[in-house]
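Chain naming follows the written order as A, B, C, D, E and F, and within any one chain the residues start at number 1.
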Amino acid sequence: MEYIVIVIGAVLVNNIVLAQFLGLCPLFGVSSKISTAAGMGGAVLFVMTVASIVTYLLSTFLLEPLNIMYLQTITYILVISSLVQMVEIILKKVSPPLYQALGIFLPLMTTNCAILGVAILVFQQDFTLLQGVIFAISHSIGFTLAIILLAGIREHMDLLDIPKGMKGNPIIMVTAGLLALAFMGFAGIV
Amino acid sequence: MSDVIIYSVVSLSLIGVLAALILFIIAQKFKVIEDPRIDLVEQALPGANCGGCSMPGCRAFAEELVKADDISHLNCPVASNENMAEIAKILGKEIAEKEPLVAVVKCNGSPEHRPKTNHYDGASECRIASALYTGDTGCPYGCLGLGECERACNFDAIHIDKETGLPVVIDDKCTACNACVIACPRNIIELRKKNKKDRKIFVSCINEEKGGVARKNCKVACIGCGRCVKVCPFEAITLENNLAYIDPFKCRLCRKCAPECPTNAILEINFPPRKEKKEAAETPAGEK
Amino acid sequence: MVLTLFVVTLVASTSLALVYEVTKEPIRLAALERKNNAIMQVVPEFNNMPNEEEYTVEVNGDELVFYPARMDGELVGVAIETFTRRGYSGTIELMVGLLPDGTIHGIEVLRHSETPGLGDKIETDKSDFYKQFVGRNPGDFTMKVRQDNGEIDGITASTITARAYCEAVQLAYDVFIEKGDIK
Amino acid sequence: MLKTFPKGGIHPAEHKITAGKPTETLPVPKTAVIPLSQHLGAPSTPVVKKGDMVKAGQLIAKSSAFVSANIHSSVSGKVTKIDNVIDTSGYRQPAVIIEVEGDEWDEKIDPGKTLKKEITISGEEIRKRTEEAGIVGLGGATFPSHIKLSVPKGKKAEVLIINGAECEPYLTADHRLMLEKGDELMVGITLLMKALGVEKAMIGIENNKPDAVDHLTSLAVNYKGISVHALKVMYPQGAEKQLIKSLINREVPSGALPIEVGTVVHNVGTAVAVYEAVQKNKPLFERVVTVSGKSLKNPGNFLVRIGTPVSELIEAAGGMPEDTGKIINGGPMMGKALNTTEAPVAKGTSGILVFPASDSKREEVQKCIRCAKCVSICPMGLEPYLLNAASEREMWEIVETDRVLDCMECGSCSYICPSRLPLLDYIRLGKSTVSKIIRSRKQ
Amino acid sequence: MSKLITVSPSPHMYGGDNVKKLMYGVVLALLPAFLVSVYFFGIGALIVTAVSVVSCVGFEYLIQKHLMKTTPTITDGSAAVTGLLLAFNLPTNLPVWIILIGALVAIGVGKMSFGGLGNNPFNPALVGRIFLLISFPVQMTSFPKPIVSRTQYTDAVTGATPLEIIKEGISEGIPLSELMGQIPGYFDLFIGRMHGSMGEIGALALIIGGIYLLARKIITWHIPVSILSTIIVFTGILWAANPEANADPMFHILSGGIMLGAIYMATDYATSPMTPKGMWIYGIGIGVITVTIRVWGAYPEGVAFSILIMNAFVPIINKYIKPKRFGEEVKNG
Amino acid sequence: MNQAKNFTKGFVRENPVFILMLGLCPALGTTTSAFNGFGMGMATLFVVLMSNIVVSIFKDFIPNKVRIPSYIVIIASFVTITDLVMEAFMGGLHAELGLFIPLIVVNCFVLGRAEAFASKNTLFSSTIDGIGMGLAFTMALTMLGATRELLGANALFGVELIEGDGMLVFVLAPGAFIALGYLIALMNKLKKD
């Protein structure tokens, strides 16, 4: 039950991009096609989960005992950036098509607030490791859901004539806003 | 107090070094060899991602450039000759000097010259109209005026003139990207050598019908009489299928042919006015 | 290469540690001051140091913190750090000031994450909601929102928050009456 | 419940004004213009030259490729020239122009009207006669019929389907033919069955022609294996794949031919033409054409020589009305608008419709409101709105993967669209571009 | 030839329906429900409808004329439908200035920003309504009492909708049997004698309009039927599991905006799927989300939200759910 | 390099938020009011400026391969410093901005400046760039905050302008996106003119 609450809360109610404003750069950057959006979602899922585990362990067994929690930001970002680079190198070798699709956006994961934000939140919320992992996975699913929905609407908009002034970023922003508006309906479910 | 400093320094450095080490190992294990020149070439390209080179974007073009042995046929319409020379230098390959070209429209059949014979009421696309029938005038070769070329141009260089219903090229904006040439279902547009001061002489007609038929449908059609061929001192004009064609590379802009044409099908543009014959100097539509 | 990175982290961590050392005390003080301010807001004038006399009372596994305020050694009121988890968006923490007889003297919101514009009307500077409590003794009236047949006018469209607020104040009062005998 | 196909279809106003008008024979024209490209496939090669004298029924152009057909003179007279003229396709194409003198028929032809029922020749010979007589599908596609009569190796024809649906509004040529030449049709069908080696033939007729259904049903008892089926009035009931689905509940796969599901479809006119070619030795040089339109004085069905200018047909129907806005060769759903009335009647000309100006202009186009009506009526299960939008924006991958090539150009989508979008215009553009892309990919 | 003949590609015949006729068909279908509202809410219903329709049409005109610089197409009736449906979604005592904001958001943000008719991914009227609901929760959730406040506009006597009563009561732990006494009977719900938004009351009138829409082939049955059946099944399961804590299916479909939503708003062309199969997925999604919000969420009513949420899925549904192609699966026999 | 241009480029033409769409999370997450937006902008300004300075000084000593990690460490240090200092001396604002202060470290805009500008330019240019871009970012956030506060609470910098509640949506997530959408449209128009 407690896990269901975490999952629904993270995916629908407090959706990381639509309600918490994290990870917006990739949300807007990589949502022009459903396929790439899904790829990005997968990448976030992987990096977010692993990053949360590593940072959780790091905090519990190193930073907290030594009473140097103030180093949280800097250590987390170090961990995340090396992790991202690792994924990039591996992906390039293992799946060139995916690497092509996500191309320049993999490095952007280092600068994706969602990853660092969730890592910090996991620790702030006094979760157990398992809860933390579920929290991270749910949030990345929430991210994927939002980015795929947005990508779907954007692909659809490719076949329409958006007015000149709104073309491009403005209309995508407004679309995201309306998406967030719709998602407010989930308020209070958990 | 100093404890904190020591702990901080030690743990942070430890994390840093550890991360670097793991990365290093992984990088070795999963090495992918990619030609570094691709990046260099991509940087040298204009980055407009316009697709004028018929590749999906500049990076793909860069990859193609690196891959190809002979790059003279690969051509970026936006890049200047210097750009291409730079790329050639990066790659150590030969590159052909690009002759500056410009698009010209080879139809001059405005409604006054070429009366309408029916009213077209389909979707407003030249390709659709041309797939349907010969067109809304008697001429089965001429411009349909529905602006396919205008929509194809990424550089805002070709527009349909409201009065004549014919496209007009703005020479300065045209990058000779070939997009309009491909778009036109009637093959009316040709890329021709760009002469000094944008001067041009060309036969503004592609009608291959017999003279009488062509003339009946359009007053400024080339009727294939061959008089221009005879006067050209440089053998630049050929006659085939009732149609004269001026080779832009042989033509030396002597202007002897234009006044010869009985239907004014030969256009001369951006020349100083002629003194003797007034009639031919009257610049017909097609000029900007 | 590794060396550079090593040097960078070295320098960074050293300078961070230094800044940390410098700001450690001000951060502690700032937090303390916020608490003191809240205490000052909710109890009558005092001249002791309530936060040095603080003690905690355990209720159902959670803790309420009591800060007795004294004027010249005599108890003039108690500030109680209380909370509820039933806010619209999680925990609401309040500082409730009670006079020795249990009458409410003042309430301050310490922390909450209610919706701006809706639930955040419980903040003292955002609406007069809290005034309904001041000067009344929870023993004498039903400290519940109207919807629950109480005497408190809720906050429109934020019944949940208002209800939770009452609950937290009630908790402070109950613990004060039952176990809060001031030493 | 009448048989029909399961998905899509529309029911446009029928306007079968000429259904009750018996076929009249139109006089031979003064000049016949016989196009060399009246069929699907390669144009024929002329075998006459300027100055030659010809008789009606004489071969004037030979099939030039596997998919091509012979062309015979429809009149007697002198070949004056072979020139490019605008024909019913809207293009300038080569045609043989004949100055008419008298009306002399080739002597091999039996001009008599008596029914010749007994079949004396083999299936293979039937096929050969069909080929010699230059018979092409008269249902609209003008595909050379003899090719359809040779079943490819490995395939087996089980049933012959005869298309008497005539689902296009206005047109009544097939209707009249079924009423007036029922016996010839039955013999023609029997000939086709023999050529194909099948035991069974089914005639499908839309139920708005009950007299034809009754008439043919009563005749069919005398012929073995032929059955008549009334079909729900639903455009495009007569489209080959839909008709097959309606009658034998089989779906011809995308890109495949009817023979894939063991059947061959021929139009009733084609069957009658086969009868005349085989039993009477008469090549295809005349056909029934419906000339109709709301403001025509005397609309009717006319037996016309191929090569007669359209203007003469309109004259026969009472002359060109004042308010004429559009002239259509074929039905209103699939027919082609003509840009000149001088275009000659060709083998595929089933009707000439004269529309008043008020019915000729398209209404103002709005944006697609995504009402899904086009999706729900497309008999092929396509998404016209999407193909339209993608073609307009040159997103050819979408156009291709969403199966633009399955579109049979029935026009139902354009018909139904409340926004009056020229859906089919763009879908055609998509079809031709995608075919080009596929062809260039194959190379 | 003086007049040139016209040449165009086939077909040369067109069906009778056009956008205008379809839109005014919807207006006509909404008429019975409108009359019911006027009967129960009186002047308020008239004012809210008039303001909403006029301002929606007006904003569309202004935006097209002055911002987009195109010829206004307000006569096609789609803005009027949006205005009407927005009004149907508002309480009948809503201040005029709030209605104006709602109309501006519906038309400006929800529709014209995307290019107007047919382009909008979200239902404009619902965008307007939800925007208002979140912006002005107080005003948007006080509903006038039917009949008694027919002559008052702004200071009508207000009360809670049946759904609010049930939701509030259940969260207090009051058994349902007791709560049912506080709400109008099912017959009243059916004819519309209850608190609620202007047009969501009166299931009967809405159904009559719906039958008209079906008969005119303006909508197909798939969306309404899939939504209603999902809601009946889902709430039926909950009800069967615990009849004291969950209202019965009948109550659910008669209260709140389910009828209005299922028949008129989920069926909005631009924002619903193109294929029957897609419509089923969409309808089931709306049903499930509606019940989820009603039973577990913060809001007593969830139809509007669930339609908007499923609107967001429509492009993906359209991309992956294709109509059955002719000749696709060859089951010949 | 023309320093005036260098300074002003970020305000409209290369505005990090409106044009380049970078650093969107703080831009939307912290701009519930003009003051919060301003505060976040200033915090970011400090980090951008300091990291630009440090990077441009040490750019020649940092080998290319470890460039990014080093920059990140440098930025993270300044972020932590900002965090600590704000917690010590600006408790209220610190509490309001919450998670978004540590998140400055991942703001692509900050790293972008270090990467794309400071690592290639002189100390002076980088300083100007840092101040200019930082101010532009602050301006964008303040504008967005002001818009949202105005519409959402009828107030500006905490001063109530009209009696009564505003449109709550603008304080919440959907309003943030929508407001930014229209601001970007406006900016695009300005850029063109």
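The rule we apply is simple: a contact is a pair of C-beta atoms (placed from the backbone, for glycine too) under 8 Å apart; a residue touches a chain by one contact, two chains touch by 3 or more.
Bear in mind that the values here come from a model prediction, so they are computed numbers and not experimental data.
Where touching is counted per the definition, the chains common to chain A and chain F are B, C, E.
Looking at chain A and chain C, the chains that touch each of them are B, E, F. Taking each chain's centre as the average of its CA atoms, chain B and chain C sit 74 Å apart. Averaged C-alpha coordinates put the centre of chain A at 33 Å from the centre of chain E. Chain centres here are Cα means. That of chain C falls 88 Å from that of chain D. In chain D, the positions touching at least two other chains are 90, 336, 339, 360-362, 367, 386, 422, 425, 428.
Chain contacts: chain B has residues 4, 8, 12, 15-16, 19-20, 117-118, 121-123, 128, 132-133, 136 touching two or more partner chains.
Multi-chain contact residues of chain F, defined as those touching 2 or more other chains: 66, 69, 73, 76-77, 80, 84, 165-166, 168-169, 172, 174, 178, 181.
Touching pairs of chains, sorted by label, consist of A-B, A-C, A-D, A-E, A-F, B-C, B-D, B-E, B-F, C-E, C-F, D-E, E-F. Interface of chain C with chain F (complex): residues 1-2, 4-5, 8-9, 12, 15-16, 19-20, 23, 26-27, 30-31, 34, 115-118.
Of all residues in chain F, only 165-170, 172, 174, 178, 181 touch chain E in the complex they form. Every residue of chain E that touches chain F in the complex is listed here, in rising order: 101, 109, 113, 131, 134-138. Partner chain F is touched in their complex by these residues of chain A: 18-25, 28-29, 70-74, 77-78, 81-82, 107-108, 110-113, 115-117, 120-121, 165-166, 168-174, 176-178, 180-181, 184. By the touch criterion given at the top, residues 32, 61-63, 65-66, 69-70, 73-74, 76-77, 80-81, 84-85, 87-89, 91, 152-153, 165-166, 168, 171-172 of chain F touch chain C in their complex.
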